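Look at the two complexes coming up: subunit A is in both, with subunit B in one and subunit C in the other.
For the complex of A and B:
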């Protein structure tokens, strides 16, 4: 990260981030965050450095760097910070400032697909329904679950559950424990056939607008199916 | 006491009530004005010919261009000889306050800067920014100002706060950029941390250094280019500065050393007129009737100095009102026994021995430490109610408990200062720690009250071991009591050796009043040591 030529302080604008309200200016450089951070040291990343650069107004440099994408936003730094600096919030804010097409591939593409098709995989509705029914059939073959079926788009159910895209892709087995519990508990539940995606990668890319759209779709499903309880396991 | 009580001078016809205040600055003036408001005549002796801008006050008498020559007499009755030019004159006063301003030295050298038209001190910056300043500053329109603070030595909050406030106020102006280049920044003072945050929020750029400090180049246009390495990001930074503001070091005023010597009061390692002794609460000194305030006490901010002026005023008022009443036991020199050797005079840390037709203790100045008593070769000095010898023999004559459970325990006498060992002993008892059987505690007003004879008398009365407990180094109420005690104990140990007795049967140690468990532990360890000596 260290440039060859000295950075001219005259060209920096420390005031640019004072409106962020993440309290980056309160940093005492005590390094509690750096000791708590599970990825400190990767690519020379150190939460203090990021906070320091933001405080100096060196936002562009941080936006261009890999640091905000090395940070996992786990928030351990924030838990130990004695001054209440919103370090993970700073990471998210920095991520939001990167051009969409320069956001690391999978996040950018997944989010674009979700906005366009309702899920990160662009999985067609027929395929989605086929996979769910296939899993339901397998459960029905197990003793004690005879006659089990997946209630898709059931109007007036008590509970709507969202689905993480990997559960209809590589981890279909992981659907079964949930559904078996619903069955055993006699839960009146349903899954929406459109906009069923539970993940919202706008959270990771700092895209508040996308998060709003994704959340809005889930609320819309609840309205349409007249469900008043949501299970959103993400 | 009631701070607003007025001294009724008619009730004290025998003494003057004048107070002499040395110093002419804001703190000294405030004390004088406070005292005048209480109807007390206050004299201000300032070494300067023209004292700093004085608020006019009717009750204050100014003695400008005046220095102390000698001080005789005692609390309530000091006789000062003052020098003005070549003239000497006498002034009788009841109390003295040392309130000379501190001295603030600009730090040019630590930053490798010569005095320069574009380098100023924080004091000159403040003067420039003052609303009534005669010359307006030129900081508008794109000025970049670098503040250099605490590179060589850690900054002191009293100075750093002013530097930070300067940054914050300049940042309010349009197009002005401030840079705060600091070493270790100390914020342990009221409001200092808030000041740091306020400066940061106002947009000041903070750069902190611990080992690699910036380099400053003077450019052809007399401005500066500053290169530095940011220790957090490890990035090199460079910027141009139009002005540099350097901090200042605070030290004792120029005349303080002479004053302290003339008045016979303690001073600390730096030269301020009050040691680090925990017993010197607020404005007290080792001499009754002499007080120290403001910039003469140590490094205090301007606000703290003014607050200290009020506190010193209360101290002086309390002294003037209570000087006749006395809770301390009286110390007297017995006529006929005194050989006029003046050992007491040399020993007394409170300057309470008067040499006249006979040698006497001045009650008003005496603080009843008993150091003179223990040091008098003729044993001519007595303190009212104090009988260490009698106390010792009474304790040693106590019959052993029936079917003595401590048969094997050695008999140990612990002499201790009531201010430290006495308090620690009380703590030991409160926390339920029983001292080993056979231990007797003999309290004295000071470690220096215990003489070599006392220590040896304990052995004569049957003690197997003797321990002397004083206050810690530099924390003796009577300044020298613990040092004198140590000297006496070492002599007594030599005498033991000469008499063929193990010298480790006598030990000297120090405790603080809050060291209950340590006191208990020290005594137990000493008892074990004595048992080991007895067993061999």
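For the complex of A and C:
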């Protein structure tokens, strides 16, 4: 949108988004949201501007802008909004309207990999198991953790935990704290060898269907392994 | 089950014991947006007091950031920002969080979120705070285990 081009109201379609349940049409333009926002002004954008553009029917322009991806949906804006406009939810809704191949960075690639293979890295099952067992052996060498092992696919355990993909990629050390706590507590726990991914990037791309699939797989793991408690630290 | 409820259950039932003297440094705690403010709005309960109770079991000296709880400032790495490639904007986003942390004089920052950990550990050098230790809440608990 060229800043020097006047926008003519009669060319807009303010009714386009009245079905959204985010109350954007209640905006009083007070700018409390913009004052609270840590990235107001970046890209010459702010939450009030986004809300007003949606309300006026300028959705395509907002969808094309980078700002909804720089916003972290932290919710400072809606925390102070006197009219209860769901501003962070509007950001997410806007993100959902981007074409998949124009989603910035690795967000869509990671999600597509997760939907196809069960995890964001497309990490094969054998490699996943190898990494977990390798880290477990390191823990077993520490005093107080002799005999430690990682219970993979244990049927009937009390607790199933998911795994953040970075913990089997660049941050394997960070697998250890929870496992040590489980050991100390005498917890009866397990990890699934398929669909173990704890992140759900549909949350970031505004893809509810993908989130439903990811969550459904975790529930299916609980059924398959007859586990009734889930720890999902992501 | 949340990470907080599980750890609190282990402590209160005596399944784990913690030593509060492991860390002889001042610490502070960061409220992630999704466990706090957003959970409060979505589910009617923000996890504000639970992590603070756990902090009390692990540390003698820790102080809150200001502002905190519902009015906490975002780390700048959430909502997928670590994976968009807009790194310059993401690092700028974290400037107020780093100011908050610096103002406490804390040498150790505790938080319970993978995104916040990646962001704040990653940008601390840019803000000349490379000596700040950034630790997961469950990592703090594991470090304080009495065996």
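Simple rule for what comes next: the second predicted complex is superposed on the first by the 230 of 234 C-alpha atoms of A that agree within 3 Å, B and C clash if a C-alpha of one lies under 4 Å from a C-alpha of the other, contacts with A are read in each partner's own complex, and residues count from 1 in each chain.
The rule is simple: contacts are C-beta pairs under 8 Å (C-beta built on N, C-alpha and C of every residue); 3 or more make two chains touch, one makes a residue touch a chain.
Since the structure is predicted, the reported quantities are computational estimates derived from the model, not experimental observations.
Colleague: Clash or fit: what happens to subunit B and subunit C when subunit A is overlaid?
Modeller: fit
Colleague: Quick one: angle from subunit B through subunit A to subunit C, Cα centres, nearest 10°?
Modeller: Superposed on A, the angle at subunit A reads 80 degrees.
Colleague: Touch check for A:93: first (subunit B), second (subunit C), both, or neither?
Modeller: A:93 contacts neither subunit B nor subunit C.
Colleague: Who wins on subunit A residues touched, subunit B or subunit C?
Modeller: After superposing on chain A, more of subunit A is contacted by C.
Colleague: Tell me the contact category for A:185 with respect to subunit B and subunit C: first, second, both or neither.
Modeller: second
Colleague: Quick check for you: in the superposed arrangement, does A:69 touch first (subunit B), second (subunit C), both or neither?
Modeller: In the superposition, A:69 contacts subunit C only.
Colleague: Should A:56 be classified as contacting the first partner (subunit B), the second (subunit C), both, or neither?
Modeller: After superposition on chain A, A:56 lies in contact with subunit B alone.
Colleague: Using only C-alpha atoms, work out how near subunit B sits to subunit C after the chain A superposition, in angstrom.
Modeller: 21
Colleague: Of the residues on subunit A, which ones does subunit B touch that subunit C also touches?
Modeller: The overlap between the subunit B and subunit C interfaces on subunit A is empty, containing no residue.
Colleague: Going by the contact rule set out above, which residues of subunit A touch subunit C in the complex?
Modeller: Its residues touching subunit C are 38-39, 42-43, 66, 69-76, 78-79, 88, 91, 104-107, 110, 143-144, 159, 164, 166, 174, 176-178, 180-181, 184-187, 199, 201, 203-205, 229-231, 233-234.
Colleague: Across the complex, what residues on subunit A touch subunit B?
Modeller: 1-3, 5-10, 12, 14-15, 18, 25-26, 29, 48-49, 52-53, 55-56
Colleague: Show me the residue ranges of subunit B that touch subunit A in the complex, using the header's touch definition.
Modeller: Touch residues, subunit B against subunit A: 144, 177, 179, 197, 200-201, 203, 205, 208, 227, 230, 232-240.
Colleague: Could you pull out which subunit C residues touch subunit A in their complex?
Modeller: 1, 3, 6-7, 10, 15-16, 33, 37-38, 41, 70-71, 73-74, 76-81, 83-86, 89-90, 92-93, 96, 112, 114, 118, 136, 138-139, 141-143, 145, 147
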